[in-house]
Structure formats: C-alpha cells, structure tokens
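Pasting the structures here.
Consider the two complexes below, in which chain A is the common component and chain B and chain C are the respective partners.
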Partner chain A sequence: MELRKNLFCYLMVAPALLITLALGIVPMVTSLWWSFLDYDLIQAETAGETFVGWRNYQVVLSDQRFVTSLVNTVVMTVMVMALVVALGLLLAHVMNAKYRGRAIVRTLICAPWFVPPVVAAAIWVWMLDTDRSPINALLMDWGLIDGNLRFLTDTTDAGPLSLPLASVVAVRVWNGLPFVVIFLLAGMQSISRSLYEAASIDGASLIGRFRYITLPLLKPVLGVIVMLLLITGFGHFEINFIMTGGGPQDMTNVAAVYAYQQAFNFFRFDYASAASGVVFLMTSVICIFYIRAQIRKDK
Partner chain B sequence: MDATVNPAVRQGQGIFSRYRRVDTITKLTVIAATVIALIYILLPIFWMLKSSFQTAAEIKQLPPKWIPDQIRLDSYQDINLLIPIWRYIFNSIYVSAAAALLATLIGTSAAYVLSRFRFPGMTLILVTILVTQLIPPITRVFPLYALIQDAGLLNTYTGLILSYAGFSLPFSILLLKGYFESSCPPEIEEAALVDGCSYISTFLRIILPISLPGLAAVTIFTFLNAWNDFLWASLLLNSSEMKTIQVGIGDLTAEGGGTRYVSMFMAACVLATVPALIMFIFVQRWLVSGLTSGSVK
Partner chain C sequence: MSTISVRNVTKKYGAVTAIPDLSLEVTKGEFIVLVGPSGCGKSTLLRMLAGLESITEGEVAIDGEVVNNMMPRQRNIAMVFQSYALYPHMTVAGNMGFSLKLDGADKAEVAERVNEVAKILALDSLLDRKPAQLSGGQRQRVAMGRSIVRDPSVFLFDEPLSNLDAKLRVQMRAEIKSLHNRLGTTIVYVTHDQIEAMTMADRIVVMNAGTIEQVGAPLDLYDQPANRFVAEFLGSPSMNLIDGTISDSGTVVLGSGLELPLGASLRAGAEVTLGIRPEYISLSDTGGMKVRCMVSVIEPTGPATILVVEMGDEKVTIEVTGRVAHRVGDFIDIWMAKEHCHLFDTSSGIRLDQ
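== the complex of A and B ==
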C-alpha cells in the first residue's frame, strides 16, 4: 500500500519535476558555469571553451557601461517598488471601500493589466514623443513648461537620475500596478470589518485606522510584494528594451538589457553570463533576507 | 437635561466631530489622488483607442487632437499591409493555448500529490520548484537558447510551447497547491479511497471535476503569461510568418514603423490587447479569491 502510494506520487510529480529541472535549474547552473568560461560565439569553433576563472566578472565589472546599468537597475527597481506600493495601497483602499459605482472603479484601476508589456511600452513611446506628446500639450496649455519636454531623449542628468529614466520608471509602474493592487486588495479583504467598526466607535480617524489596523495586518502581504518586486525588478528587461533599448547614452540601460546586448549583439555569451550572474547574486541576497525574516517570524 | 449627560460622553462627541472634520479632509485628498491616478492609468489606453480610429495625418496634427472627427475603421482594414496581423494573432493564440493546457495538466497532477500526500523527497521537490520561481528569467535565457538550438527546436512552435509551459509551471503549482489545500475538502476523496477507488481514478473522477474553477484560473494565468511574452518569442522564432503578435509589435516599434504608419500601428496594439481583455473579463470574478487562497498564505 505504502509502495503503491509512493509510486503514484512520483509518477504524478515526475513530468513537472523534469520540465522544471530542464528549463529552470539546468540552464541556471549552466549560465553560472559559462560565466567562468571563455565563450566567444564567433570564435567558439577554434578557441574552444576554456576555463578562465573570474576573468569575465573582472571584464564586466570594469566596463563603465555595466556599472552604469547596475546603478540604473537598483535605482529603477527601488523607485518602481516604492511608487507601486504607495499607489497600490491607495488604490487597493479605494477598491475596498464601499460606495456606489465601485465595480466600475475596480475595472478601470485594473485596466492596464490586460495590456501586454510590449503594447504598453509602444503606446507610451508614442505618448512621450517630444513633439506630439499629449502630456506636453497639456503642460504647455497650463503654462507649466516653456518648451516641449524631451521625455525619452533628454540627456541632462543628476547622478543616475534623468528624465528618460523617470519616464521608463513611470511606464513600469503603470504596467506593474494592477497585479500589486489586486494582491493588496486580497490582503485587505481578509482583515475583519469588526476591527474597523470597533476603532471608529472609539473615535479613531481614517488615517489612524489605516495606520494602526490596515498597515500592521498587511505586513506579511507587503513583505511578499516587496520581495517579488525587487526580484522581478532586478531582472527586468522588456519595457526598458522596447522603449529605449537602454539609451540615450545608457541612461536607461539595466543589467538584463546589457546582458542581452553582450549575447546577441556582440556574441559574447561569457560576458552575458557573468552579467546575469551578478543579477542572480543580487536576487539571491534578497531571497536570503526574506527567508531569514520568515524563519525569525516562525520562531 | 444637560445635567444628565455624562461629561465624558460630551467630550467624546467633541473628539468625534473633530475627527470627522479631519476625515473629510482625508477623504477629499484620497479622492483627488485617485482621480489623478485614474487619469495616469487610463490616458494611454484612451490614447491608443482614439488613435486607432484616426488617420495618420490626424494623429500627427499639432496640437494633438483629443477627440477624432469621425470614427474611422480604415486602419483596421489596412493593417494587413503593414504586418500579417491575423496570422500573428493566430500564432499567439495557438502557442499560448497549447502551453496553458500543458502547464495546467502537468501542474495539477504535481500540485495534487504535493498537497495531499507525504512521500520521501517531497520537501526537496517543493524547494526545487520554489527556487525556479525565484530565478530572474535573464539568468537562464542564454543556456536555454543553446539547449533549444541543440535539440533542433529553434524556430519551431514546440520549443516555444514547452518553454512557456515550463516558465509558468512553478507559479501554477504553488497556486494550485494552495487551492487544493483550502478549497477541496479531503473527506470526499478519503471516502472514495475507502470505497476501493484507486488513487488515479479518485484524482480523475473526483478531484478534477470539483476543482475546475482553480484549474481555469491557472489555465488563463498561463495563457496570459505566454501571450504577453516578447523576449523569448523574439529569440526563438526568426521566420517571419511564425512570429507571435508581441514580436510583430515589438519589431515595428524598434523599426520606427510606429511613427510612419501610426494609425495602423495603434490598431495593431488594440488587436493585440483584445484577446487578453476577453480572458481578463472571464477570469476577473474569481481572481481575487484565487490569489488569496493560493499565494498570500
């Protein structure tokens, strides 16, 4: 009986495990292995794949373009995370409150969810076109600016911050918001209404109720969301790639786009693997922090 | 009368009314912030829709025109001149649906035993699946590309379908595992097992039918994941008629085709969004509950 049960379990799990290993674990380990090899795709036939130790990491980390893209990766990820969580809390609150027309507001807030990232990037590129941007037109009408803002091409910068970087961040926030809102809404709905009723009888203000009931009880959900946003943010590729391809002057370049360029523009799979190895290290650090926090909580 | 009122209550009322005034201000601020957020959220979608009904000349007019003179459907007819859009959409639907079915089939059986039974190596399997979920896609793209190439699956739908199913599996399994644990009472299958049903027939005849809502949620989730993908499809497919719709649109953006044929381009964007929209409306109702029971725990 026990044997039959185990056999059944292994048979049921086997396909999923095989696919996960083949498409997840094996490529990941291979990628780490490649980051220690000499792997120039153009010369691979003749040069072979020899072990070169940390050379690829040294090459990549002393490349000014990679350092820039790493800084951008962190800056953009943190900005996206902060904005998405702040806006997400506001909108989830609005979706959770009771009033007439709530269903419509809910649908409208979730609208960007069904817009594919590529389409989102493409529309925004058009919306942020220097000459024809409706946003520029509005700002001009209101007298807030003198000349058109060059959303995606302005090259004045302040440290890692620049207008193109802010524009790409805005689009990433736009694209990532609905998922976080739904996640937070699910969390808010699991908070008992009686807590709020008790608090309002005691005379707590709206802000007080949010500060002392909603926030503390949402903490576990917020923890998961922040971790997910950091992990997906560090490896983010699509919107940066489509909107600017990393430009102008690498101002919106991120680690994933840099790795892509190394692999498919310069055919250096070794440098690409080293760059993604750095991304992997960053996400691992986040995971370890998160798991440690979880363990401490369980104790 | 006044003398009978407890002073503490009167004081309490005072506090209450003071908070009411503060609350009104808070509410107005929240409403104002929500309106601004809604403009930010809806403006691009409105812009895409209205542009798809205009002529290219009208879109490029300065200052920008907010409302089209008339609703034109020309760009939806002409779009075929720009890219074989219907072919691309069909490709996308085919690949996404196949991946979704495959991932749900494999994911369900794994999630079921992982949520119901204890067997040696189970924790290790769970951890493996979890770790895969946490790997950033870029760290596996390059070797996976080589792997697919070696397997002779480059430029085939099989390669794409297998990869999409694989990418979505970890999340599907975690979601379904949560679903089985929270929404399917184990008593039913225990009764079936006692009655002499084999494990496999219990799973097929009892568990699958009652967990259809969860299965549907996971299928649609995987479908949308595959539908939205650009990076992987653009790497694996290079024959032009096999492209998915996202690759078609991404290529147009990169080539600047978006500027010259902007009305057709916007129509393509609308068409690339509609199937996802239909799926979304379909799934919206139980998405919140699916997320609550699945991954927040």
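== the complex of A and C ==
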C-alpha cells in the first residue's frame, strides 16, 4: 500500500521533473561543459572543440566589459530588490486597507503583471524615447526640465549609476512589483487582526504596529522574496536587452546580455558559457542560503 | 481603579443596529460581567470601551472623561482577548513588556516590572519561551500578565476562558477572581457562560439583542429574575417554564389542566408562564404543591441527580442531591416550593408580582 502510494506520488511529479531535466538541467550542464572548451562557432567545423580548463573564465574575467556588466548586474539587482520590496510593502498596505474603490486600485496595482516583460520593455522604450516621451512632455509642462531627458541614451554617469540604468531599473521594478505585492499581501492577510488590536491597546501607533507586528511577522515571506529577487535578478535578461541592448557604452549591460552578445554577436559560445558560469555561481550561493533556510523552516 | 459610564450608546453597522440604546454605570473597582447569548452585543460593547470599535451615538466616559474620540492607548485600559493575541515572534517577557517598551521605559525598569508580574502569575520560569511553546493555560496567563504589567485603570476581558478545557477553566476562574481581589482594578468581563458570570461577578449585566435585560448581583438575578429571558439564561439546568392561565379563583391552570394555587392577585384569564428552578422541586413532602408525574430521564451527576419528569404534556427538570432509587417509567409525587415559583407575563416575558 505504502509502495503504491509512493509510486503514485512519483508518477505525479514525473512530468514536471522530466520537463525541468530537459529544459533546465541539460542546457545548464551543457553550458557548464562548454565553458571549459575552446568553442568558437566559426572555427568549430575545422578546429573542433578542445578542452581548455579555466582559460575561458580567465578571458572573460579579464575583459573590462564583463567586469562592468557584473557590477551592473549586482547594482541593478540590489536596486530592483530594494525598491520592489519597499514599494511592495507600501502597496500591499494600500491593497489590504478597506476603502471605496479598492477593487479598482487592486486591479491597477496588478496590471503590470498582465504584460509580459518583453512587451513591457517595448512599451517603455517608446514611453522613454527622448523626443516622443510623454514623461518629457509632462515634466516640460510643469517647468521641471528645460530640455528633453535622454532616458535611454544619456551617457553622463556617476560611478556605476546613470540615467539609462535608472530607467531600466524603473521598468524592471514596474514589471516585477505585482508579484511581490501579491506575495506580501498574502503574508499580511495571514497576520491575525487581533494582534494589531492588542498592539494598539498596548500603545503602538500605526508605524509602531508596522515595525513591531507586520515587519517581524512578514520576515519569513520577505526572506523568500529577497532571495527569489536576487536569484532572478542576477540572471535577468529580457528588459535590459530589449530596452538598451546593454548600451549606451555598456552602462546597462548585465552579465546575461554580455553572454548573449558573446554567443550570438561574436559566436564565442565558450566565453558566453563562462560568463553564464559566473552568473550560475552567484545564483548558486543565494540558492544555498535559500535552500538552507527552507530546510531549517521544515525542521 | 476607575469608573466607567456608558451613556445612551448606540452602535450601527450600516443599516444594522447592533446596540440600540444602552446605558450602564460601573463603579470603582467593580468586577462586572456582561453575559448573554452569541450576537447579543456584549463583545461589541466591550470593544467600544476599548476603543477598537467606533461609537455611533452616545458617550463612553472613563473616570468622568469622555473617551469616544481617544485612541485605545490613550484610555489606559488593558484587554485580554479570547484568542490571547500574543505576539508570536516575541518571548513571554517580550510580550509582557511590550507596552512598557513602547512607553519608553528603560530596559531595567521593564525587566523589573515583568519579573514582578511573572512571579504573581507563576510565569517566572517561562519568560524566555515563545507563545508557541506554551500550553493553553500558560498562554492565558501570559495574556493576563501582559495586561497587568501596565497597571491599567480598567481591565477588559473578552471571553478569556472559552478556549480552555473545563478543568483549567475552573482553575483560571479562581485565579482571575483572586487577582481582582489583590489588584482591586475595575474589570469588565464578557462571557456567554452563565456559570462564569455567577461565580466571578460583583454585578452581572444580562444582555440580549443589544439591550440590557437586567443588572444586579448574581444571586439577586438568580432569585429575582426581571423577566423570562434572565430566568432562563441564568442557572444550569435552567429554570422550568410552563405556560398557563389564571383561573377565576385566582389559581394558575397549566396546559395539562393541572391547577396550582398561585397568582391570586392577578386578573382572571391572564396568560402567564410559571417558572421554578429544578432545585426547588423535591421528591419528598417539604410542604409545597404536590403533583403526580412520570419519570422519563434520570441523569446522575455524582453529587446530585437530575430527573426529567412528565407532568401532563410538560416536561419538568428536577435536581435533587444524592441519588434516587426511581426508574424511568415510575410514577412519583413531587413537591414544588410555592415561595420559589415565579410568574411571568407570557407575551411580554416580564415578571409579575403575585
């Protein structure tokens, strides 16, 4: 009986496992293997693919463009994570509160979720176009700026920060926010109302209740969200790629876009795989923390 | 210690009126119990005192000061919730000291006060535990400790014992009462359990459908219920209530045709309900009104036996001390103590003076 029950469970998860294996594990292992080969697509026919050890890693890590893209990856991921969590907490409160027209506000907050990242990126490229941007028109009308802001092409920078980087971060926040808000809202709704009542009787103000009740009780949810945002953020590709292609002057280039360029612009699958390998290592570290936290929770 | 005045308070939820018009005075240091069936408005009233519900109309004053627009924390009250509402992420000490911490008291002061109260409630060995590691009774005590630490002027209890098992409930009942004797703080206590109300209260407020049916000392309410609702609500097993009419000769004629020499001063033809508590019916001749009945149920509880007998079409409950030799189906004589019979107007339920 026990055996049959287990067999049934394995049968149920088998399709998901097979798909993960075919679309996730196999490409990942292949890519990791390629990162140790000399794999130049143009010369592969004649020269073949020879094992070169860590050489590809040495090459990409000494490429200034890759280092810049790594810095950008970390900066953008941390900025997106911080902004999404902060705004997510605020908007989750807005969604949780009871007032007239709440359904409309909830729909508006969730709306970006219905737009696929690729489409969102394309829409925002138009919205942030220097000459046609409605945002520029609005800022101009209010007298806040004299000339059009070059959201995606301004090359003035301050360290790793720049207007194009901020613009791409903003779009990534816009697109990623609903998921986090829903997550946090679910977490907040699981907190008993009587705890807030007890806290108000104990003398906690609105901010006190947030600090001493909401925040600590959301900690497990927040932990999961932060780790998920870091994992997905380090490997993020589509919004950066579509909005700026990594430009201007690599200001918004991230590791995933760098890897794409190596593979499909320069046909260096070996360097692309090594760059991906570095991202894989970064996400693995976060994954270890994530899995450890999950195991600890189960205990 | 504080006084509480509830003056013509109304509570409406949209078109629904939960409390139509309620007034109540609570004196200094009094232990007052609001009791009534579910949905009678007792918790709503308590939550209005706490400041957790707004007051639609009327005034609530604590120590003469109207608190309608004050936040809960400005009212100097403490509340124990039915669910205890302990902060799950804080230790027992953290839970108990939370209000002092918010008040800006320094750590040593908080610790001292928490220890002091923990000793009173025998919680001193549990201070480092989280609520999840405590039993129901311990959580209940922490919830009380949290409210005592603040030294409030009023304690509000919202059905604090309903999540405990029967044995623990009896124990906690005694603890709360001795705590009241010790601290002397005004307590407003909500329960649906009439035994809790009877055993703990200085005064009981019996509520029904948002209104007060009767206010008074427990035994006064028990002995002289103002109406049929109070008569039926207090006491377990509850009072026997039998409908009848007043005859021309001034006796009460029950539905079964049985005639009892009661209600002489009442108008002939009036429809009345006769009430008598189970313990005032005897199986031996104690000089009351004798009636012949058939035993239909016998429930021995140990110290007492509860019998249900058929008197004509009516079922009557009797409680006698000790055990009985009768069997179901036996015909027996019972004696009803005349001085313990109550008459209520059948339609309005109001008590009638005989």
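As a working rule, the second predicted complex is superposed on the first by the 274 of 299 C-alpha atoms of A that agree within 3 Å, B and C clash if a C-alpha of one lies under 4 Å from a C-alpha of the other, contacts with A are read in each partner's own complex, and residues count from 1 in each chain.
Quick note on the criterion: contacts are C-beta pairs under 8 Å (C-beta built on N, C-alpha and C of every residue); 3 or more make two chains touch, one makes a residue touch a chain.
Fair warning: this is a prediction, and the values are worked out from it, not measured in the lab.
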item: Partner chain in contact with A:L91 - chain B first, chain C second, else both or neither; value: first
item: Touching partner for A:D131 - first (chain B), second (chain C), both, neither; value: first
item: Which superposed partner A:I207 touches (first chain B, second chain C, both, neither); value: first
item: Contacts of A:T232 with chain B and chain C, given as first, second, both or neither; value: first
item: Superposition-derived comparison: chain B or chain C, residues of chain A touched; value: B
item: Partner chain(s) touched by A:V285 [first = chain B, second = chain C, both, neither]; value: neither
item: Contacts of A:G277 with chain B and chain C, given as first, second, both or neither; value: first
item: Intersection of chain A interface sets (partners chain B, chain C); value: 203-205
item: Sites on chain A touched by chain C in the complex; value: 192, 194-195, 197-205, 208, 212-213, 216-217, 219
item: Sites on chain B touched by chain A in the complex; value: 12, 15-16, 19, 22-23, 26-27, 30, 33-34, 37-38, 40-45, 47-48, 51, 59-60, 62-64, 66, 106-107, 109-110, 112-114, 117, 119-120, 122, 125, 128-129, 131-132, 134-144, 146-147, 162-163, 165-167, 169-170, 173, 199-200, 203, 224, 227-228, 230-231, 235, 246, 249-250, 252-254, 258-259, 262, 265-266, 269, 272-273, 276-277, 279-280, 284, 287-289, 291-292, 295-296
item: Contact set on chain C toward chain A in their complex; value: 50-52, 71-73, 77-79, 81, 83, 85-89, 98-99, 102-103, 146, 150
item: Of chain A, residues touching chain B in the complex; value: 4-6, 8-10, 12-13, 15-17, 19-28, 30-31, 34, 87, 90-91, 93-94, 105, 107-127, 129, 131-134, 137, 140, 174, 177, 182-183, 185-187, 189-190, 203-207, 220-221, 224, 231-232, 234-235, 237-238, 241-242, 245, 255-256, 259-260, 263-264, 269, 272-273, 276-277, 279-280, 283, 287
